[in-house]
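Labels run A, B, C and D following the written order; every chain starts at residue 1.
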Amino acid sequence: MQEEAFDLGAEVNDFTSRQSGMGAVVSFTGIVRDIAAGLEAMQIEHYPGMTEKALAGIAEEASARWSLGDVLVIHRHGALAPDEMIMMVATSSPHRADAFQAAEFLMDYLKSRAPFWKKEVTRDGADWVDAKDADEDALSRW
Amino acid sequence: MQEEAFDLGAEVNDFTSRQSGMGAVVSFTGIVRDIAAGLEAMQIEHYPGMTEKALAGIAEEASARWSLGDVLVIHRHGALAPDEMIMMVATSSPHRADAFQAAEFLMDYLKSRAPFWKKEVTRDGADWVDAKDADEDALSRW
Amino acid sequence: MDVLYFAWVRERIGRPKDNIETGAATVRDLVEELRAREARYEMAFADLDALRVAVDQELADFDAPLAGVREVAFFPPMTGG
Amino acid sequence: MDVLYFAWVRERIGRPKDNIETGAATVRDLVEELRAREARYEMAFADLDALRVAVDQELADFDAPLAGVREVAFFPPMTGG
């Protein structure tokens, strides 16, 4: 959890250099997309205290389900501009299938079970982003 | 295709900074794992000419199947030491599911359809790595 | 008990937090108490299907008991990632 | 026609490449010709199930025709990534 930007490449390199005996490292990065109305900012609110617990819980669950070396989750809050990175996850595993599945699992759970809320601010006003049914549905596969 | 090492973090950052309107970037990195006998080197042979065509074909196929901004594939050849990075792929997409699926597709096809062969060199000798049935089976899901 | 509000729940109620004395047995009872307070609470809690609740920082449902609980939070479905 | 060998096929045959004149109609016919050359070819091509073939740098099967083909390559199943 942090307000400031992170350096994706440096984080991925650090994460990878800390691994030993891992054959696979997967990273995912979520980026602020512009919208039709012209996005001025994406504001991300979170629930201090619960956020950290939820992220740790999701990471633990991933580690219990797959053979992982390590898990990294970084999520920003505050006001972000289009093309800024919102968050990232990284996973390492001896096997590529585990690294991929764990990263997808982390993302699906982060989307719908970690206490973050996005608000899109445009010239015309500001709107909370609606949760997508597809994101909730994505959880059912795990 | 290159013999020299690549900087994963720099590649991921470059790749991400070239994207616009993409909400998701996924990267995968394959790393030389040590083996029980003590790996001195992993030698990677390839088929110059065909390799480039095969990689371009696999990347095109991924772009046809999913909504992607861009695709990056780097694969080394020559002699690599344990914990060195063998290869990486990166994908960008407006949506995370596409970025993840395309990256997994690229990996599954790279494993079994791009002309690379690995040889493990240990103190006791050298052995070609056998293709895994699981890798061939992985293709059937696409 | 601390009652926290996030996202549009916070905006509709006009504050991030209340500290209240309550004998409510469940989250649902607490919601009824809050609704009875003022129109802006009534508005924020008009549609429980649109809300999620956390009890002591764990996701819970509206039937969760409140005995011994220190913190309850109300918010819309989460949209992180 | 250039005939290329990779990985253990190259090692068994003891060279990376042959340039040969052949009237072989298919890859399978070419394999029979090569097998007849020397014991090391016979050994390399003993089990076709363990081999893959590319015709003009595209994966193909052993029944692929060779008319107009400039390059054929034999190798074990690939193990990249």
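Structure notes:
Criterion: a residue touches a chain if its C-beta (ideal position, glycine included) is under 8 Å from a C-beta of that chain, and two chains touch if they have at least 3 such contacts.
Since the structure is predicted, the reported quantities are computational estimates derived from the model, not experimental observations.
Where contacts are defined as at the top, ignoring chain B yields the following touching groups: A, C | D. Set against the Cα centre of chain A, the chain with the most distant centre is D.
Chain B and chain C have CA centres that are 48 Å apart. Note on chain placement: the centre of chain B and the centre of chain D lie 26 Å apart, centres being C-alpha means. Taking the mean of the C-alpha atoms as each chain's centre, chain C and chain D sit 72 Å apart. Within chain D, the positions touching two or more other chains are listed as 81. Counting partner chains per residue, chain B shows two or more touched chains at residues 30, 96, 107. Pairwise chain contacts present here: A-B, A-C, B-D [touch as defined]. Contacts from chain A toward chain B in the complex involve residues 7-13, 16, 19-34, 83, 85, 94, 96-97, 99-100, 103-104, 107, 138. Interface of chain A with chain C (complex): residues 30, 44-47, 49-50, 53, 75, 86-87, 107, 110-119, 128-131, 135-136. Here chain D touches chain B in the complex through residues 4, 6-8, 54, 57-59, 73, 75-81, going by the rule given at the top.
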